[in-house]
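Okay, so subunit A shows up in both of these, paired with subunit B first and subunit C after.
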Partner chain A sequence: MSTVAGRRVLAQLIRRPLGLLSLGVFAAYALIAVGVWLGWWGSAWFELAGPMWAPPSPEHWLGTNRLGQDILMRAVASTATAFEIAVPVALLSTLIGALAGGAAGYFSHGWLDEFLLWLMGTLDAIPFYLLVVALAFALQGHAWTMHLAMIAVFWTTTARLVRAETQRIRELPYIDAARVSGLAPAQIIGRHILPNTMAILLVQGTLVFIAAIKVEVVLSFLGIGTQDSISWGLMIAEGAQEILIGQYWNFIAASLFLFVLVMAFNLLADQLQDVLDPRSLDARAHRHA
Partner chain B sequence: MTRAPDLLVFSLRKLAGAMPLIVGVTLISFLLTVYFGPDPTHALLGKNPTAAEVAQLSAELGRDRSAPAQYLDYLRRLLTLDLGHSMVTGEPVRAMLARTIPVSLLLLLPGFVLGTILALVMAAVAAWYRGGWVDRMISGVSVVGMSLSFVVILIGLQAVFGVWLGWFPVRGWNVTTLPQYLHHVAVPTLAFIVASLGYNTRFFRAVLVAELNSDQVRNARAFGAGPVRLMLVHVIGNSLLPILTRTLFSVPLLVLSGSLLIESHFGIPGVGKITFDAVMSGDQPVLMAVVGLSAVLFVITVTVTDLLCRLVDPRLRQE
Partner chain C sequence: MRGPTAMPETLLRVSGLTVRLRGNAETALVRGVDLEMSAGEMLGLAGESGSGKTLTGLSMLGLLPPALRLGGTSSIRWLGRELVGSREREWRGLRGRDIALIPQHPMTALNPVSTVGRQLAHLLKTRRGLDRHSARAESIGLLRRLAIAEPEGLLGRYPHELSGGTCQRALIAMALACRPRLIIADEITSALDVTTQATILEQLTLLCRETGTALLLITHDLGLVARSCDRAAVMYCGRIVEQAPVEDLYARPRHPYTAALLAAVPVLDRDVDRPLGTIEGQVPDPAALPLGCAFAPRCAQALARCRTDDPGLSVEADRGYRCFAPLE
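Now for the complex of A and B:
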């Protein structure tokens, strides 16, 4: 998709109330994350800033946790963690899905296609969390375990959709023209087919972004996700214990930060789908709990 | 009519077609849990083992053989259900599974059945009033449901019903009678329904709306079919294929992914709990069995789904 088309999509999104709202929320979260990376705020999330279990106050808007750390600051710092996981996972699994889907669709029913279909079927056949947990087991302690596990699972849906679309595009006359003019398959796929699957890639990218954030929370909650850092999942895991003794702020803060971002992205995915392809069926016929 | 042998031939052919999938799935579970997994030899031997002891245990565990040989051995053990013993408790893995799988089924089945039915009803109502405020409200509720993390739902419900109201137990699984069972299963069931309702309603609604716009439904309506008959017989009846496929396909995912979270959080001794514990303690035989068997379960589900689809849809029977 050219930048012109990209700008048109953006313009249409902004014209829709829900599109504008979801983009605005996303921009706000992105700003929070960038601010954490640049050290504007949130970098002192581990400091003991006040008394333990302090209620919300002007100094600590959402109170403090059992060590006296500022809960809001931890939730803010966790935003950066969420982006550090979701952005690379969304980009890489979409890229891999596009390349695999493009190759499988272009050479459909060849050996490469058969192999990729087999691989996708195999990966989809193992219950998701079990595969992630097994990967975490195999790659114990590796810093990229979580990213790898998610990418290994998330690329298949994109690849299936791109494969089907590529099979359709491949039969169009302009692809014949490109072939006759002597372009190699890789060039045809990269330059003439994949750009026309951009609608699928954009929507899938947003859906994977959501899934990655939700899965990080689950894995961190289980204790096999984020290590040596702070994340909404870790806060929720702390909160789960604290609720039993009547302390709710950790849980509420992390849940709200998480919910608003995921909700905005769900709405954004819907709006994107409407703008890009009003006829398309619901691509979310999928599984991530 | 030679229906029974016909079905048998069909299912055998389906299973044969699923062979590459079984190979792929077991290969991946072998690679993850045995080949690349942490080597249990030293964990089992304790401190300062001699080289001879290491070599002997390696041979016992089969780790001194080539990867293909180990894989074939793994396959053989899965197929014969010769699953070995837990490295942590020493209990036979088969006994562990026999003990935990019923608990997981009892735990998840009510939520699964009720959640599917509720989603179908909501989807039918939304599809019937498509475009109207009822539809928009249901869609809104679905998006909210899809945006809630399962973990948040679990803890939130636990806080409300277990801690604040004190109606249901906060954790554990102390079940011998029916009232006890209902008492323990309530919060997990509710959590499961809330977590799956949004996704399912949306999917079912899309399917039902497509069917509502079809010629045969318009025809039935013209012949005077009332709303309930129209919805049940003509719309849902004709959408059974996607509904059945999606519902059945979610079974293996549900049994493991769902139970992993619910059971490890509530401390319920189901198959998800022993899987999670096996990951945390590096209990290879348990993990190996669960990953391998769940993959096989998936392949069986795919085959059963195909069979059921053939039964439901006469068109699929004339190949």
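Now for the complex of A and C:
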């Protein structure tokens, strides 16, 4: 998308209270994650910082776990884990979905389209968690197993949406004009079609971002997700056992971090959809201004 | 100017061009069009909606809609090279670079999410291999030649911020960008108001004459053809019924259809009480063309044989027509 249009979308998001709130929350989480990567905080999540099962106190704001590790620090470090998974998954599955959807839609009912539709149908037909377990087994615990499984599944929805939109855009006069001036299909798709599907890509990207975080939590909870690191899913898995003995801080901390981020992102996707929808009141007012 | 020693080179020779519906051998929308264009020539192709003039233009670019196909006799030769049956890649090399088309609807023929400058530059980069700086300079030069006062400002604008006339000028600049030898202008002024129509067409023909670019002006308006072309071809029901130098065609139409069309052109200094000419009846359905001459049912001069036999081409000096009962 052009920078001008991008700035316009951002300006409209900020003008909406919920848009501003969700963007703010997202920025705060992003800052936490960046801080962890840069080593400002959270890097000592595995250290035994205090006594076991310490209640919340000025030293340990959310208490400690059964090994005496600081729960807040673990939750903070998990934020970085969540971003490490969600960012590449959202970017790559949106990119693959856009390219595949654009190609399928532009050559719709040709062999490429038939093949891509078959591929999407096949991938969508495999139960998701089964696919991840199979991939994890095939890749022998490779660090990117989870990413790969999520991308393999998440790109199809984006591709289907982009395909439908491409079929619509393909019939517009400016695409004819581009063909008349001798541009090749790849140039037309990349230059004239995909930029016009940016609304879909932004909203889809946001939704995939949340889905990736949620799936990571579920997979880690099941023991086939994050390894050799910390994540909200692992904390919730631990916490689920500990609730039985009356220790609920692990569970609450991870759930709360997860809940707030997912809520904010859902709000953001919702607000984005409103801002980008040309039929929405805001966009119309802006165009006439 | 056109002496026997300086015969201009023939750019395009279309012969027997037939366009049919796919899966329907009976119905032809273009029926054996013969057309020749030499370098720098301005040819007006006039006719009613549905007469096949746009399809004739699209055939020259290999861009017929998927539901249509060329008939077996069709031949389109560009500088002597047969184009019918070319691969898509060869067509693509030709489009824009040898033959450019200015589209019909200026407001929708530009990508809405990209600026005019970016769209022009993209074309110049991919089709002429210019770098960013020379592409920008070239864009400004092109727009300036189209009498745009502030080309630099226009480059940063989005299509929805522009008037129809400005959009059309940008599209003309894009057509000229690759220095084609032939420009097909398909009803380019129909969507514009009358004063803009006149200036845009004037600028286009002027630029074409300056650069020696041939122009195929597709229009339903014989007035436009008179103002800007050397030669005119009149189409009816997928066939060229008369072709002649503009002055001859207007002064002395031979085909009754041409005469009827000319009578329907409003003229400012004519007596207002005299009604404009109209042509009785309707254009026949291409799936059920009458036997003989397609215009016969609407023709005042029609003879008995007009309704049974197809009139062949009568050639007369530098003009030709298809009629058994030509006007004097």
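One rule holds in what follows: the second predicted complex is superposed on the first by the 277 of 289 C-alpha atoms of A that agree within 3 Å, B and C clash if a C-alpha of one lies under 4 Å from a C-alpha of the other, contacts with A are read in each partner's own complex, and residues count from 1 in each chain.
By definition in this document, a residue touches a chain if its C-beta (ideal position, glycine included) is under 8 Å from a C-beta of that chain, and two chains touch if they have at least 3 such contacts.
In this text the structure is predicted, and so the values were computed from the model without any measurement.
Chemist: Looking at the overlay on subunit A, is there a clash between subunit B and subunit C, or do the two fit?
Modeler: Subunit B and subunit C fit side by side in the superposed model.
Chemist: First (subunit B), second (subunit C), both or neither: which does A:196 touch?
Modeler: A:196: touches subunit C, not subunit B.
Chemist: Check whether A:182 is in contact with subunit B, with subunit C, with both or with neither, and answer first, second, both or neither.
Modeler: Only subunit C is touched by A:182; subunit B is not.
Chemist: Looking only at contacts as defined up top, I'd like to know whether subunit B or subunit C touches more of subunit A.
Modeler: Looking at subunit A, the partner in contact with more of its residues is B.
Chemist: Have a look at where A:222 lands relative to subunit B and subunit C in the superposition and call it first, second, both or neither.
Modeler: first
Chemist: Is A:174 in contact with subunit B, with subunit C, with both, or with neither (first, second, both, neither)?
Modeler: second
Chemist: Tell me the contact category for A:128 with respect to subunit B and subunit C: first, second, both or neither.
Modeler: Touch status of A:128: first partner only.
Chemist: What angle, in steps of 10 degrees, lies at subunit A between subunit B and subunit C when each chain is taken as its C-alpha centre?
Modeler: 100
Chemist: Across all Cα pairs of subunit B and subunit C, what is the smallest distance in the superposition, given in whole Å?
Modeler: Checking C-alpha atoms only, subunit B sits 22 Å from subunit C at its nearest point.
Chemist: Can you pull the subunit A residues that subunit B and subunit C both touch?
Modeler: The answer is residues 287 of subunit A.
Chemist: In the complex formed with subunit C, which residues of subunit A make contact?
Modeler: Result: residues 1-2, 5, 172-174, 176-184, 187, 191-192, 195-196, 198, 287 of subunit A touch subunit C.
Chemist: Spell out the residues on subunit A that touch subunit B in their complex, using ranges where they run on.
Modeler: The contact residues of subunit A facing subunit B are 118-119, 121-123, 125-131, 133-140, 214, 217-218, 221-224, 233, 236, 239-240, 243-244, 246, 248, 251, 255, 258-259, 262-263, 266-267, 270, 281-282, 284-287, 289.
Chemist: Across the complex, what residues on subunit C touch subunit A?
Modeler: Residue positions touching the partner: 61, 63, 92-97, 100-101, 103-105, 108-115, 122-123, 126-127, 160, 171, 174-175, 177-178.
Chemist: Where on subunit B does subunit A make contact in their complex?
Modeler: Subunit B reaches subunit A through residues 20-21, 24-25, 27-29, 31-33, 36-38, 143-144, 146-152, 155-156, 158-159, 163, 170, 195-196, 199, 202-203, 206, 246, 250, 252-253, 255-258, 260-261, 264-265, 275-276, 279-280, 282, 287, 290-291, 294-295, 298-299, 302.
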